[in-house]
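The structure follows.
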Amino acid sequence: MIDFGYGLTPSATLKIEKVDNPLFAELHRLEPDVTKCIACGSCTASCSAGVFTEMSLRRVILSLQRGREKETLPMLQHCMLCGKCQLVCPRGINTRHLILSIGKVYKMEDKAL
Amino acid sequence: MMKERILAAYDPFVLPFVFGMTFVLAYCLVALVKVLIQLKPADRQKFFLSLITPATIVKNIRDLFCDCLFHVKLWKRNKVLGYMHSSIAFGWFMIILLGHVETVLYIPERLHKLYYPIFFRYFMEVKGETLQGSFFFFLMDFFLLVILSGITIAIIKRFRSRIVGMRRTTKLTLTDRIGLYSLWAIFPLRWIAEGFTAGVAGGSFMTIPINWLLHNFMSKPENFTAAWWAYSIALGTFMTVLPFTRYMHIPAEILLIPMRNAGLPVRHTRKGFALAMLYSCPSCGVCIDACPMGVQKKNVQDATVYMVRNLKRRNPKRSLEIAEKCLMCGKCAALCQVQMDACGLRLAYRTSHEKEHNRIPADFGYLEAVDPLPQLGEQKVLYYAGCMSSLTPVISRSVQQVLKAAGVDYELMDKDGSICCGRPLMLSGRQEEARKLIEKNRQLIEESGARILLVSCAICYRIFKEQYDLIGVEVMHYTEYFNRLIKEGRLHVRNGHQTLVYHDPCDLGRGCGIYDAPRQALRAVGQLVPAAKEREESICCGGSVGSLTLRYEDREPITRGALDNLTANNPEQIVTACPLCLKTFSRFAPVPVADFAEVLAQNLEQA
Amino acid sequence: MIYQGKQRIWSEYQKEIPTDHWFYVRSCIRQSFFPASEKTFLEILRNRLGKDVYETPHHTTCGGIAYHSEAIPQETMMTIIARQFALMTEAGYENYVCSCITSFGLYSEVIEDWREFPELLAKIRENLWKATKREFRIPTYLAHASDLIYKFRNEIAEQAKFRLVNQKTGRPLRVVEHIGCHYAKMFPSKGVGGAEYPYVLAGMVESWGGEVIDYPERRHCCGFGFRQYLVRANRGYSVSNTHKKFESMEPFEPDMIITNCPGCPYFLDRWQYVIAEQTGKTYGKDGYGIPVFTYEEVAGLVLGYDPWDLGLQTHQVAVEPLLDKMGIPYNPEDKYKGLDGKQLQRPEFPMNIKCC
Amino acid sequence: MSQNIVVIGGGPAGIEASRRLRDLGYTPILIEKEPVLGGHLARWDRLFPDGVEARKVLEPMLADLDGIKYFTDTEVSSINRLKDTWVVKLSNGLSAQVRAVLLTTGFDLFKAEKKEEYGYGIYERVITNADLEDWFKSGAAPQFDDVKVIGFVHCVGSRDEKAGNRQCSKVCCVTAVKQACEIKERFPEATVYCFYMDLRMFGRKYEDLYLKAQKECGIRFVRGRVSEVSEDIDGHLFVKAEDTLFGKPLKIKMDMLVLMAGMAPAASTAELARMVNVLPGEDGFFLPHSLIDSPCTCAREGIFYAGTATGPKTIPETLSEAASAALAIDRYLKSPQK
């Protein structure tokens, strides 16, 4: 192999058909409301941990459905489970249970961001 | 023949009883050893120490009599049920006691035979009547009558529970049924058996008429052995199945009471103290009616009694479901006859489940960068509004309005967003993670030099009280603090003459025992009317962060149920002292819902 | 695939291309990348088809590369173009044909700009006058050189010695057509067949007996993208784009690629070598790559010109497998001979991609 | 002898308005260029939000045409002003002189072929919302093998200046959600995606339908407009879009793609506008006197509008506008003549 000083860069494209659906299906079984998100961002805006970190539950939910959970799971490490997001969610999603369930279904990579 | 049985002091019919009794004693002994071994060494030491501490000894004895024999708590709650339980428990206890007294008095050499005092009337013959003898005959028959009256109520209750004031009762298991029917059978059979022998062995107002009836009309005297056999079999059956039935609570409570009084925590879902609790559950079903989730039929199976049952049966799926669904309002525990730590059990389950299954470890490293608090004013009052209060700004605004009116100089701890108090994490089973938040908050508070930490959220208040161990800081809920300010004459309020009903937030009332301070303060600003059920029987608003799995749509009926309870006396306003209750009630309330501080702020006396 | 659907679109995007009298401008980079292509174009048009095509040694770059790399401002670029048009005007031509797609796109853009903003046009006229004392007329017709080959595709087919057909199996060759981005993506109406399903190359392939394959990443850029290649740090991005196209066309097993842009054949050709060296993967049969051609080269092959006269030895990917399929005779000995007939040095061959 | 009124366009608006006018004592002359009355509604299977069958709405209307003269397969040849009347000449040779003409010319379904990048008419597996309704209605499903992934593309030809349609077509969002739920019923194992720019669930129960789609049907919503569609070697579709919420391009292989073709001004609008000498709006739809309080009247006396001729509308909106138009005409005809 020749080193040209540059090489193929990994694609940034989301390939949703390759998403690990069994995992999401398991999450959906534990917390069926996960599909109710309308991406309004209220959770992110009101997040207690969001004052100090990049935490965005909206992004986490989306990333799970796009197979990019690795990028966002570390955010959940910062969650204090205070429940503000649950209070503001217009769809009435049980966000705390969702977060707890994500922790049981998805495994975070060992190296944290 | 009669001579023989008196001389031999034995008959094969005693065997069922002897077997049952031996079995149950052995089982209890093993269970006792198991419980003690499973305790953490420190807990065990604490327990043993408590057994020789005079104060706890007194308490233990009092509790044993009041709870196990007289069922004082149940009397207070329901006279019929109280009578039913204490008649059987105390009556039986007295019959056993008197049987032994008789044996000691008359045939002390037979005392070593386990069965002798129980079947005393079979093995003795009255030679001549003595006053003492008649007295015992009378007492024995009297307590037999007491027990039989209790059994009668029990039978009626089983078929028509509403007559004794219970809406719902537990479903019995098969072994429970065997235990129950054998228990029902014991005393009527004893009555018949003693009736048979009353002619020889003596008797009183209960047994003599039966003896007369049996001998003259109903049976041949030869059948008496069969009657004693039946009595012994009923006893033996009851004893043998007892460890596998709810009647295990009878022996278990004797252990539970001292353990509870020793102040042991629940550390595991079915070991040590928890095991003693599981054994102690009488499956009475009081928790079913107590549970606020009971407004929906599908939740009935999630009451504490079923939690206990599933833990006993090692059904992890159902145990987890029940453990996670609970609102942790603590009402079932408050009403529980054996003071089961229902929330503790569930929390222990959640904790072990989280530890085992959570694969996203928490990281609160970012808290290190949080700035220290600003310098406090002279009075050193630090006000922590909490996460929820930022979604109910009326609370923090009103609190500050009241503080200013009372001339309190204070500092708001969480102006730029709060670090959560940690209770929601704890309730989710993340104990160690919660510790990190607690440590950070404690550091911030202690470094600020605060003397009073004022809290306007019941959830936060409870954890500050229970887990923080703040040195030199008095943690006060705003209901306590404002009540104190009014009493001290620092806060001047006027009475707006509005009728108010006060809702006891779970964590504030049952959690921390604060019932009077808010009521006293509210009486100063309005006319307080009672709710249908209040204080320790108050009903959770349904918004609790305690429940992990309860869906939004399933919370609404709970909220509506709680509102019906609050509005029983048509108040003009509902007052609560927790941001979560406020927000939850506001959604469905038929009358305005206000926060405690808001009501005070509206009724400030203008200087 | 519904072929009639494409035909319907093609029928909507047809150009009335004049048949004769063209002013021809060359591309800056093609003369070094594919030196025989432009020569072949002139050869075919003038000698095979008897057309009048004029070119002048005085023309320069259109300024496209500098403009797209943000090295010169728009006004400068427009003035350069104005000078090109002045040369055409001076030579007495009205139909302007350019060899380069970048130029074609730029000319289209500039003409459109001038139409929208006449004051800009006035300013450019003034600039050009001040700088060169020249005057110009906007061409009556602007064409890309591939438009002309497309226009005369059937005449070429009539004179064809070889067809885009596998001689051994008799089946049409499977051809990937790749259109330069600036051909029609900016102004779909300016390209034959529009932007989504361009017909300019597909028409040639069909006329000459081949079969066009429509693979998912057909619309994707070749990866040149000016700044992506010109800045070395971005070259990974450039080769990744090319890689994406090859991965997408691979299942269709194409026999060849035909292009109409200066950069595309170059990058589709050379990056096959780089990909092979980096990943070990080749996209043709038996360790070869997929040969890439300019449309002039393909026209030349069809008309029976000697492959080495068409400059096919300058390709990285070996063309011999395709020549064999088409049944075109060639002398392997002559591949690396200079114009004087003497052997040049045989180039160093790569490791992972077969080059005969 | 009752007064004649010409109603041009026999869709829901035209039929409903004719019935109302008849009830008010007039004789409507209803003209329809197609062989049957009913307009687009006649083609539709079920209606949002409750899935009521379109025929249950249309059939009672068609069964109640007594007193209405209607001509199908007929077009308007010319309209001319004569004193205070309009003379309408028809392609069948008849003509009518009336004081009021109601234009209920409706809309044309946007021609999805125009969005070339989506490949409608080129890729077999790309169909439109109308094709899907045909399928639902006739039961004649297209012969696609194992349909596992299905996509819906919102806003095809809506909010698209380059496609010549700047307006929002209003009904496509909820139609897409309705159809997505319906298709999920037919292919329960399939994964169904909706690609939307904004979800405009403005009507009553529409949001409920959206919630149902998310919660019960498991429809997946992707915020982003599909940019291009191509075919892979098996004839399956290759769809590209940006997930704008995630901020990343997205690629997915699909087995069927449904284009939500929007509402474009009817082709006849420009011609009719010329005949009655009015200027259509910039968007190509007829422009009523006021969009707020007189949506049925026109700057030209005796010309009235109803329905989607003046812009995208739902069926109930169309029907109520038809009723108002009838009243507006009645008032006009009863007002003292100048």
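Note that the chains take the letters A, B, C and D in the order they are written out, and that residue 1 is the start of every chain.
Here, a residue touches a chain if its C-beta (ideal position, glycine included) is under 8 Å from a C-beta of that chain, and two chains touch if they have at least 3 such contacts.
This is a predicted model, so every value here is computed, not measured.
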{"item": "Chain closest to the assembly centre - both centres taken as Cα means", "value": "A"}
{"item": "Identity of the chain that, by mean CA position, is farthest from subunit A", "value": "C"}
{"item": "Geometric centre distance via CA averages, subunit C-subunit A, whole Å", "value": "46"}
{"item": "Distance between chain centroids, defined by C-alpha means - subunit A, subunit B (Å)", "value": "40"}
{"item": "Subunit B-subunit D separation of Cα centroids, rounded to whole Å", "value": "66"}
{"item": "Intercentroid distance (Cα basis), subunit D paired with subunit C, Å", "value": "45"}
{"item": "Residues within subunit A bordering two or more other chains", "value": "33"}
{"item": "Pairs of chains found to touch, sorted by chain label", "value": "A-B, A-C, A-D, C-D"}
{"item": "Residues on subunit C engaged by subunit D in the complex (per definition of touch)", "value": "1-2, 4-6, 8-9, 194-197, 214-219, 251-252"}
{"item": "Of subunit A, residues touching subunit D in the complex", "value": "12-17, 28, 32-33, 35-39, 58-59, 62-63, 65-66, 68, 91"}
{"item": "Parts of subunit A lying in touch with subunit B, wherever the complex brings them together", "value": "33, 46, 48-49, 51-53, 73-74, 76-84, 86-88, 92-94, 96-97, 100, 102-104, 106-108, 112"}
{"item": "In the complex, subunit D residues that touch subunit A", "value": "149, 193, 199, 211, 214-215, 218, 220, 223, 240, 243, 245-246, 248-253"}
{"item": "Touch list for subunit D against partner subunit C, complex", "value": "113, 116-117, 119-124, 228, 230-233, 235, 238"}
